[in-house]
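In the two assemblies presented below, chain A is common to both, partnered first by chain B and then by chain C.
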Partner chain A sequence: MTAAPTTTACPPGAADPGRRERPGAEDRRAARRSRRYRWDVRYSPYAFVAPFFLFFAAFGIFPLLWTGWASLHRMELTEPGRERWTGLHNYVRLLDDAFFWNALGNTAVIGVLSTVPQLLTALGLAHLLHHRLRAAVFWRVALLAPYATSTAAATLVFVLLYGRDYGMVNWALGLAGLAPVDWQNGTWAARVAVSSIVVWRWTGYNALIYLAAMQAVPDELYESAALDGASRLRQFRHVTVPALRPTILFTVVVSTIGATQLFGEPLLFGGAGGQKGGASHQFQTLGLYLYEQGWYDFHLGRAAAVAWAMFLILLVVAGAGGLVARRLRGDG
Partner chain B sequence: MRGRGGRGRAAGRHLRAGPVTYAVLTLFTAGSVLPLLWTAVAASRDNTRLAHTPPPLWFGPHLGRNLGIAWGEARLGLAVLNTVLVAGSVALGTVLFCTVAGFAFAKLRFRFRNALLAAVVGTMMVPPQLSVVPLFLVVARLGWTDRLQTVVLPTLVSAFGVFFMRQYLAEALPLELIEAARVDGASSLRIVRHVVLPVARPAMAVLGMLSFVQAWNDFFWPVIALTQDNPTVQVALTGLGRGYVPDQAVVMAGALLGTLPLLLVLALFGRHIVGGIMRGAVKG
Partner chain C sequence: MHRRRHSSAHARRTCRTAVALTAAAVLAAAVLTGCAGDGDDGRTTLSVGTFGVFGFRQAGLYAEYERLHPDVRITESVIERNDTYYPQFLTHLVTGGGLADIQAVEVGDIHDLARDLGGRLTDLSRAPGVRAGTWLPWKWAQATAPDGRTVGLGTDIGPIAVCYRKDLFRRAGLPTERGAVGRLWAGDWHKYLAVGRAYRDRAPAGTVFTDSAAGIYNAAIHGYPERYYDRAGRPLYTGGPAVRTAWDLAVRAARDGLTARLKQFEKPWDQAYANGRFATVACPPWMLGYIKEKAGDAGRGRWDVAAAPRPASWGGSFLTVPRAARHRAAAVALAAWLTAPEQQARLFERQASFPSTPASYAMPQLRGARNAYFGGAPVAEIFAEAARRAPTLVTGPREQLIGTAFTDVGIAQVEQQGRAPEAAWAAAQQEIENAVDE
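So, the complex of A and B:
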């Protein structure tokens, strides 16, 4: 890194004791040393935080602005270096494209289908983990196994499990006397299946986050609730959940951000033509729509416009979340 | 949360878990682990057996052969090697840069400190989708197609990591230690090496593991930037999922190969990873 601090280590006691210096040289050296010390104290903090900001400038801000510039141009993957200014044309076209609205709707639907069950289940699991358990670490680590499994690996397995003809899920449905479901080509079935992969991967992770928050709730709150005769269920509802509010909000925000960017699960769930998000685009998310525009239809300018649209949507969602948070805090 | 110190587990509210608790936990643990176990089962069968009902519920004889095909033909061997390099570099870089930045934010005084810290948190809002188009163009112009640095460099720092290290060092590193070192004439760099790093080591290890897992599973940009000629695990698995190899048993063997290293990490260091996630949660 070019940003490494340039000061060299030179503690006062380290000067060679065998050498005699004339007093003047000694003074000058001391002055230099104290100047170097002041410089070090004043500027090295900036050097320490500089790598983060340099990298973020190079791989965050700069591409963000370039993407904005690209979104205002006709830019084709097949014609590098021949972009043409088109103003807001890419955005107008986006708003006219039924597939954009379809992708936006799918992202929202799959976002709700994956986030709500995931966080509710995680809350319940955390409550169970909060008991005094034998082999407490074992349960926590085992519930974290899906988190360590990559999106790609998990989705490949779930594609087989959800297979229409020979999948485990339909076999189990058959045992229960239910009709098989076409998980890949169905509209809602496919959305549910894609959501279930997200739920599988992230529930245990969120349970640990809730568990950490539960462990931080002061005991006195439970003791006084118990003295008032509150049942354990009432304690959970009236002590645990309110105390967890900031954490719940935090997980909602993180999951929502993840949901708006959903990409790998629908891509691989769709098999060979995965960028379409299913035969009738029934689970094409915004991330997939961007990918298809840019790398299958070669319209990089339009892909850039999709990226900026996603960013704006995220900002709106974050703003709404912030308002809700303030409202909640005002009540509490 | 919010400054109420976490208490020990002495009080009586910690009910001993009853059989129902264990039963429900067992159910969910099975749900978490069984799909992975079944991956191994499917990887030990052959393609025709996977096209039969009922699905296989126990291991077959072909695990070695399928793993071999996945390792060679489906390039999972190359992919695992590449991903070890990528995830290792990312973890190393993240730990190094985030530790010094976290130290500065936790213990040093400088102008704009709070504004810069807020900026760090703000950077979490920028989604990766916003950078792929320009990065792709730059990579093409530099002739870096299929080079591993294209997927290492953009993920080399993390806002979460800076925040994580800041919170840890704010508590774990006594200001007196730094002042004593300063009195002895140590430079800031020397203080980092001899005072900060030893104190930060446990948190650095946790951050390193979390970054390693994240980098191993990084998907969006690698799938765009790399081809099947020099893939990471996720890129190779995407190739498998999109019909690169039609044999489903080999696909499952590939999924298994791409996941086993991380499961190994989890088995060895699970306690610390759990601790890291939980600590990041309460203070982040």
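So, the complex of A and C:
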């Protein structure tokens, strides 16, 4: 296929037999220039996007494939160069690995606990910000501030807040006459605590995305709804939300990917030995299990299998999301 | 055409500017690297990678070495926790990049490291000036691979004592003098728990007997020569006598409400030191410095040190020199110097790290050394006695993992989550099985 454009790209003069005996230097230069020009137009775009794809190949595709290769071997961090082919053993083992299923369940639970409140709150906040407020810029910047802090710093502060003996949350509960909660050791308490860190960090970010989408909704729609006597709430439900559908879908997909990869928050929330996600692994996510298997137990092959399992799960989730999106679009 | 010529002239100008800028940048870079470079002034820069606080810098050992060897400069990079440090070190060792010239290794990792990756480390037994007899025999043996290569030089060891709060003991009606306190529980950790129950019944408000069940477990199990493996290398972690005894003690302490349910080396543990929340803690020498730092001035004169129920050794480290180190010979010389008896004695004086070289014990820094913060306790004498009587530990594969499965999963489930001991034991066993399974 590449041959065809090249032949048609030949400058007309060069192919003309009548001018062959006097191929003027001027003509040749013009021909070259025009050829270069055409190549420029044709191939420059590829050159411009190439850096991304080169990096993607080096840091995306290659690790993916290499991890796949590793997952089919017995590979130990302590025994470099002594990999042994084991076929699907690492995957079969996962099927009946209670720690893996526990981590998968935790990932799903913490994912729901963090994504649902996060997106609902973000939608509400965006709705509030959409109307004229005093110091609108201040509120918008304030919303984005959590997103701008590092995961590590935020989580370490939350660990202090959620401390069992000297934490501020339990102190506040005490003021309200409630019993203190062991945020790290309680099964649900720990999951809620980890989710709250995610919610805190990402709500403002999603709110700003929603806000941007809301500002693109034509004012006429609101005006006519108001003329029909729709309240603010009804306007929100029947004008704003339908108009925001694609945006909401986008944030759901992005949050789901983030939830599947949840790692830093539970790791640091667990403190020393955080990779276990608590004494009963009550908040060990798939990311933490992968880390524990690879970098504490030194089973790189098994960790690679966990990574690939995560990847396949994400593909399934993305496929389901795509189906839902198609249905939504059909309805709309 | 005009536009074109113009733009090419513009381009040429831009280009010239760019060349000038680049030249300036290259020049600046050359000057900068010239300043920071290794060998610009003919000095060798040796890097030391450690975890936690080894105290070489704090004790002025680097400064002195640099004075003795004007051609050497030493830099140190520290990662706070070994469980973060060690996997990174392993990765670097396996790939041969990013290594420091000297790398510290904790005793729980040294067995597997010497056995599996010993070939990537320098055999220090052949190093000039190094004699095996300088170290306690078992310390030397721990870093020696099956093929006879010794890949680590011993730094400190961790003979165990018990640190206790005199003021709290007095208010609970217990003796406060360190000899009498030691006799309360001499010979058996069960007696220590009995003292704990006596304390609990008359405890000053807001205090408990000890910090954590895991602390008791570690102090007790390290008093047995065969802990997780027997001398023939057969596993004992599924229920050998040492594991069983230490487990039962820890579980008993937790269930009797003798512990503050804290995880060691976490923020709340530090806060509990500052708030005077517990009355005793199993104390290897390195713990003294930790207590002093965390309990601060409020704890001055309140803490004291007594002998532990049974002599034991918990923790300790080694210095290794990777074969891929940039300045191997110089690094070996530095490692040998840092672990020599004179320097270990000075480290004890500054950091309370206990020497693994018996010749240090007679040196002025240790002889009759008393710790003012701990009520003038003769700490060197107490620890030297414990070290002399401590058993020679048999080490085996994956010890670090096995130990944390008991402390961070099994015992934590009983102590922190209130699970039944049988279920927690099963969970710990399942944890170990999953970790060691290949």
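Everything below uses one rule, namely that the second predicted complex is superposed on the first by the 308 of 332 C-alpha atoms of A that agree within 3 Å, B and C clash if a C-alpha of one lies under 4 Å from a C-alpha of the other, contacts with A are read in each partner's own complex, and residues count from 1 in each chain.
Definition applied: a contact is a pair of C-beta atoms (placed from the backbone, for glycine too) under 8 Å apart; a residue touches a chain by one contact, two chains touch by 3 or more.
Keep in mind the model is a prediction, meaning the values are calculated, not measured.
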>> Tell me the contact category for A:271 with respect to chain B and chain C: first, second, both or neither.
In response: both
> Which partner does A:66 reach: the first (chain B), the second (chain C), both, or neither?
Replying inline: first
>> Looking at A:74, would you say it contacts chain B, chain C, both, or neither? Reply first, second, both or neither.
In response: second
> Which partner does A:298 contact after superposing on A: first (chain B), second (chain C), both, neither?
Replying inline: second
> Touching A:99 in the superposition: chain B (first), chain C (second), both, neither?
Replying inline: second
>> Quick one: is A:159 in contact with chain B, with chain C, with both, or with neither? Answer first, second, both or neither.
In response: both
> Which of the two, chain B or chain C, is in touch with more residues of chain A?
Replying inline: B
> Once the shared chain is lined up, is A:182 touching chain B (first), chain C (second), both, or neither of them?
Replying inline: second
>> Under the contact rule defined above, give the chain A residues that sit at the interface with chain B and also at the interface with chain C.
In response: 80, 159-160, 165-166, 271-272, 295
> Can you name the residues of chain A that touch chain C in the complex?
Replying inline: 74, 76-80, 97-99, 159-160, 163-166, 182, 184-185, 271-273, 276, 279-280, 295-299
>> Please output the residues of chain A touching chain B within their complex, sorted ascending.
In response: 1, 4-5, 7-13, 33, 36-37, 40-42, 44-46, 48-49, 51-53, 55-56, 58-64, 66-67, 70, 80, 121, 125, 128-134, 137, 139-161, 165-168, 171, 174, 200, 203-205, 208-209, 211-213, 215-219, 222-223, 226, 232, 243, 246-247, 250, 257, 260-261, 263-264, 267-268, 271-272, 274, 287, 290-291, 294-295, 300, 303-304, 306-308, 310-311, 314-315, 318
> Inside the complex, what are the residues of chain C that reach chain A?
Replying inline: 81, 83, 87, 90-91, 94, 112-113, 116-117, 261, 263-268, 271-272, 275, 277, 401, 404, 408-409, 412-413, 416-417, 419, 427, 430, 434-435, 438
> For the complex, which residues does chain B have touching chain A?
Replying inline: 1-2, 4-7, 9, 11, 13-17, 21-22, 24-25, 28-29, 31-33, 35-36, 38-39, 42, 50-55, 97-98, 100-101, 103-105, 108-110, 113, 116, 119-120, 123, 125-137, 140, 153-154, 156-157, 159, 162, 182, 184-190, 192, 213, 216-217, 219-220, 223-224, 233-234, 237-238, 240-243, 248, 251-252, 254-256, 258-259, 262-263, 265-267, 270-271, 273-274, 277-279, 281-282, 284
